[in-house]
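Below: one structure, written as structure tokens.
To keep things simple, chains are lettered A, B, C, D and E as they appear, and every chain counts its residues starting from 1.
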Amino acid sequence: MTLATVLIVAAALIGIGLYGALSQQSFVMLMMGLELMLNGGLLAVIGLWANTMGGAPEGQLLAIIIMAVMAVDMAIGFALVTAVYRKRQADVTESLTTMKH
Amino acid sequence: MDLVTKIIVICAVSALAIFALWRTGAKDATAPQQLPYLGGGTPDTHAWQRYHVRYYSMTLLFIAFEMEMMFMYPWAVVFVEEGGKAMMEMGMFLAILSIGIVYAWREGVFRWQ
Amino acid sequence: MAVSALKRWAGKAPASVFVAIGEGMRERVERLFADPRIERAATPRHAAIFLIAGPMRLEDREDLRRLHDQMPHPRATLLWAAEVGEALGDAEKLNFTLQPADTSRADEAALDRLTRIWAELSDGERPSEPDLLHDEPPNPWQGIGPHGQGGKGMMGGTPYGRPMAMTADDLRDGLALDPYTARFGPFLPMFPPGLLLEMTLQGDVIQSAKVLRPPLPQAARDDASAALLRLARLLDLLGLPVLGHRARLAAAGDRPSSTLETLGRAIRWSGSTLAIRPGLGAVEGQGDLRTRFDDLLAVTGGSSAETRPELPESAHLSSLLPGLEWSEAMLVLNSFDDETLSALAVVKEDEDKDGHDHEGSGYMHHEHHGHGGHQGDGGHDHHAGHGGGA
Amino acid sequence: MGLTDLLFFALSAVAIVSGWRVFATDSMVRASFLLLLSFVAVGLIIVMLAAPYIGVATVFMMAVEMMVMALFMVMFMMNPAGLNPMMMVHQHRFSIAAGVLAFAGLTAAILFTSFPENSVDPSTPVVHDLGIELLGPSMLIFETAGVTLLATMIGSVILSSRSGRFGMADQGSKPPGLEPDGEPAGRQPEQGGGHHHH
Amino acid sequence: MTTFLAALLLILFLSVGFAGAAVADRAIPAFLAGQTAPSWRLSLADAVRLLQTQRIRTEAPDALLWWLAPALYLALAIVGLAVIPFGQDLVAIPSEVGIVVWGSCEALTIVAVFMFGWSANAPLALIGAYRYVAIGLPAMLLSMFVLIGAALPAESLGFIEIVEAQRTVWNVVRQPAGLILFLMLGLAISLRGPFDYASPEDLAGGVTADVSGPGLLAWKIARLTMLVSVSAVTATAFLGGYLGPILPGFVWLLLKTAVVLLVLIWAGSVFARMPPARMMSVIWTMLLPLSFLMLLVVGVELLLWG
């Protein structure tokens, strides 16, 4: 378990997340892609913190901030999905292109 | 490290035990046995569908509010050491979040939509 | 060796009985289950013995067969003063003549028979009963879609034997999600026996309810005892089976006022009144659920059950239930006395205003109606073709 | 290869495979819980990296977030249980290429960078240090997070609930007039508000 | 060596606690209902009966999640118990973040119950599962606040330190309402009585309505184990855990756990269940502010006399 292997695992998670975020048609699945990318980011941050920062608390704080970003992203994302569904009865990204009536 | 190994061991042992238990009664169920239980009646469609979760706004409020736990655990550890300052800062933090709850309550989020 | 020891152990368990209550048998059956040798199962999945008590209507027989088949093996059936023809195969019958003086002896005979059936079943002496219905899915599905799942496209076909739901409007909220239409009853334990409702749910809020079969008539004899049994049912629904059991014991035996008083105090302390929303299930002349519950509670204080004025003409379950959550609706259903309930649950002929069927063109996803019209919309999603089940 | 490495590789495999399966499974509930499994595996790796608090808290937070995710997935996806298998993707090849490219680029960057070696001492009181940091130097970040969360709470309530201040969102909510029975205040929408279906 | 001893004690605690819970689970309701106490054999006989019954699958169930749900539930109960110390150094999983581990167990329990109700592809089970999530999520929030209140005087998130900090005064004195809130969580997490929103009577058993035989048995076992586990956590966080004179710590913990367990079973049979919507609103608007208040009280007390 060296720093390089941890970071490569994180990179793999980010790659899969990017694929999901780009390819999925529905909002909710798109958000899963985003979450997976943040997951990789979290792992990378903690890996770097544990191996290069000598335990400086800012690294942990950054991890907490990433988690807060996830929470905010989910709450606002789902609220938007609900609002769009209420108007459009659809949850796919294409439906937004006609949003301007 | 130690924690991870032991948790994995506990999960594996319970999964195996439950799986063994679960498999004991496995005999193929016939089609009439598989009908969902409705007291004798029959359904039109599958039960799996776009289920109308009546409390969806509450869950959104919840995931935002729950983030505060992440800050509170480390705070609890240093509370005695930091004393009044810790009290003030967390008081402020919780007060800010409580505004959100009061707002949501006023908007009727805690009723079923 | 080990297997037979296990079987002996299983025989010591109380017999788990799922019961379908017929005409005039509700009170007797409820008192029967005060005995610790038998246990009332909430669903046939938990039961080993299917008890059919009392006369049944012709049209209930198919449902009884379905319930029978839903039980796991080993299983057995006992027909207690039931007349169901050949619908249940050659199930064991126990008949008695309805002499008012004999009831306790007849009940004892039924208990004996149930425990004996369970002993034989757990020993393996009595073979488990085979299915009554044909072993075929409600709809053909094998191998239509590209993955053999029985449907084309996302919402089409009948995957695994059933169609998928399509969107419909909602009573409370602007989100048009999927409705779930099904026939609930006639022998759900929390329903009055015999009541068959076709309900459409979204989430757990009832969107529409239609009475297909009225509840089976029950003999109302002793007013206080009937009130206590009704109270017991409500207590069960409120998550207080212990107090419900005490109310049932009080209904069966003689009632010293001290026992009733302790029971009344326990019920008040349980916070059950707080658990009922004021104004819930209000019917003109009958008060709301809270007043009805308080009236029942007053019986424990010694006052007799009040008689209520006549129901208004318009009161009906199809207008009372929609808009309620499932838990509230079950409380409302169980809060009426038998007479009022049968007046509320009259079968109305053809309320399907625009009964056109989507059978052919159905299961389209983007199928919405304007926002606003609600009440009749349940009819849109009713697929008459699947009513028969198996 | 010791037990630590073995555990690490097993957990990484779980994290990556379940992360990939999220986009390959038909059932939305399974997809959410697979993502949760990926998070749990990452959380356990983080515990092994001498950050027990962050690791366990990741599991704690993500369990509820993925639970909520599952609720919304079932609510808004047609065919939520995948009874009819489906594939709802666009620009598929491009996305695969982008994902692979991102992975390859990042891996190359990792392999060609030399990171400073400064490991965390296992005896460091990490949770305690984090608390001191939160209340001391990073106090502003902490309180800003509070305000951000408040904004999120209010925003999500406004966006998701049906009834705004001026009526039902889906029936074209109109503000009241400036005088009794007058025209609604504010700019008029061109036609009828939100009554358009497709 | 101590780890090995702690693991043995964990198994002993689990078996004794589980057996006691199984008997008490039948005896106390029977006693409250005014019946004679049933024999201890009944619980075992019932288990054997379920073991020999056929397990029925429904139409197109999610077979994997269906058995994983009780397995997860059981594993969470055991992990939750394993972070509890049986003595000063006797803990199966020593962790400096014990209450966060327990919090994760609570959070994942909601997932397990939802999975179980979802998998059957049946309406009553589905409604039960969704209802449980509505109550489980905010109830978990409450328990976390009161546990943080217990962690304040200990200056640590580990259970050993939390117990040691109670040598002067038990946490139940510091935050009496906290104990009550935590007992509510105990009811919710072990699916009983007024907080059993997953398998209520008005849904004919809810999440278990379409489960038969060994499947039902597995669920019941997991549920009772969770009851033991949550009782032990309550005893540790509020009643001084293994602290006590003369007797060894393990016995003290067992006794305190038994008391909490009896209280939970009693409370599960004498309080009425509110409709889920009303309960959700009560938790957010009344109980959550109460838990803030308890935290404030503990904080002020520590500032003044700590």
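Throughout what follows, a contact is a pair of C-beta atoms (placed from the backbone, for glycine too) under 8 Å apart; a residue touches a chain by one contact, two chains touch by 3 or more.
Going by UniProt, the chains are A = NADH-quinone oxidoreductase subunit K.
None of the values given here were measured: they were computed from a predicted structure.
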Mind listing the chains that sit against chain A and also against chain B? C, D
Compute the centre of every chain as the mean of its C-alpha atoms, then state which one is farthest from the centre of chain A. C
Chain pair, most C-beta pairs within the contact cut-off: A-D
Which chain is the middle one, judged by CA centres? B
At what distance in angstrom does the C-alpha mean of chain E lie from that of chain B? 14
Using Cα averages as centroids, what's the distance between chain A and chain C in whole Å? 46
Taking each chain's centre as its mean C-alpha position, how far apart are chain D and chain E in Å? 29
Report the inter-centroid distance (CA atoms only) between chain C and chain D in whole Å. 42
Scan chain A for residues touching two or more other chains and write them down. 64, 67-68, 71-72, 74-75, 78-79, 82, 85-86, 89
Please set out, as single numbers or ranges, the residues of chain B touching at least two other chains. 3, 7, 25, 27, 33, 35, 37-39, 43, 46-54, 56, 59-67, 69-71, 73, 76-78, 81, 101, 104, 112-113
Check: chain E positions touching at least 2 other chains come out as 51-56, 59-60, 95, 97, 100-101, 103, 118, 121, 123, 130, 133, 137, 157, 204, 209-210, 212-213, 276-277
For this entry, which pairs of chains touch? A-B, A-C, A-D, B-C, B-D, B-E, C-D, C-E, D-E
Looking at the complex, which residues from chain B come into contact with chain C? 25, 27, 30-33, 35, 37-47, 49-54, 112-113
Listed in rising order, chain A residues that touch chain C in their complex are 82, 85-86, 89
Taking the touch rule as given, give the residues of chain E at its contact with chain B in the complex, in rising order. 51-60, 67-68, 70-72, 74-75, 78-79, 82, 92-95, 97, 99-101, 103, 118, 120-126, 130, 133-134, 137-138, 141, 144, 148, 151-153, 155-157, 204, 209-210, 212-215, 217-218, 221-222, 276-277, 280-281, 284-285, 288-289, 292, 296, 299-300, 302-303, 306
Counting only contacts in the complex, chain D reaches chain A at residues 4-5, 8, 12, 15-16, 19-20, 22-23, 28, 31-32, 35, 38-39, 42, 45-46, 48-51, 53-55, 57-58, 61, 65, 68-69, 72-73, 76-77, 88-92, 94-96, 98-100, 102-103, 106-107, 110-111, 115-121, 124, 126, 129-130, 132-134, 138, 141, 145, 148-149, 152-153, 155-160, 162, 169-170, 190-191, 194, 196-198
For chain E, which residues count as touching chain D in their complex? 60, 62, 64-65, 95-97, 100-101, 103-104, 107-108, 110-111, 114-115, 118, 121, 130, 133, 137, 140, 157
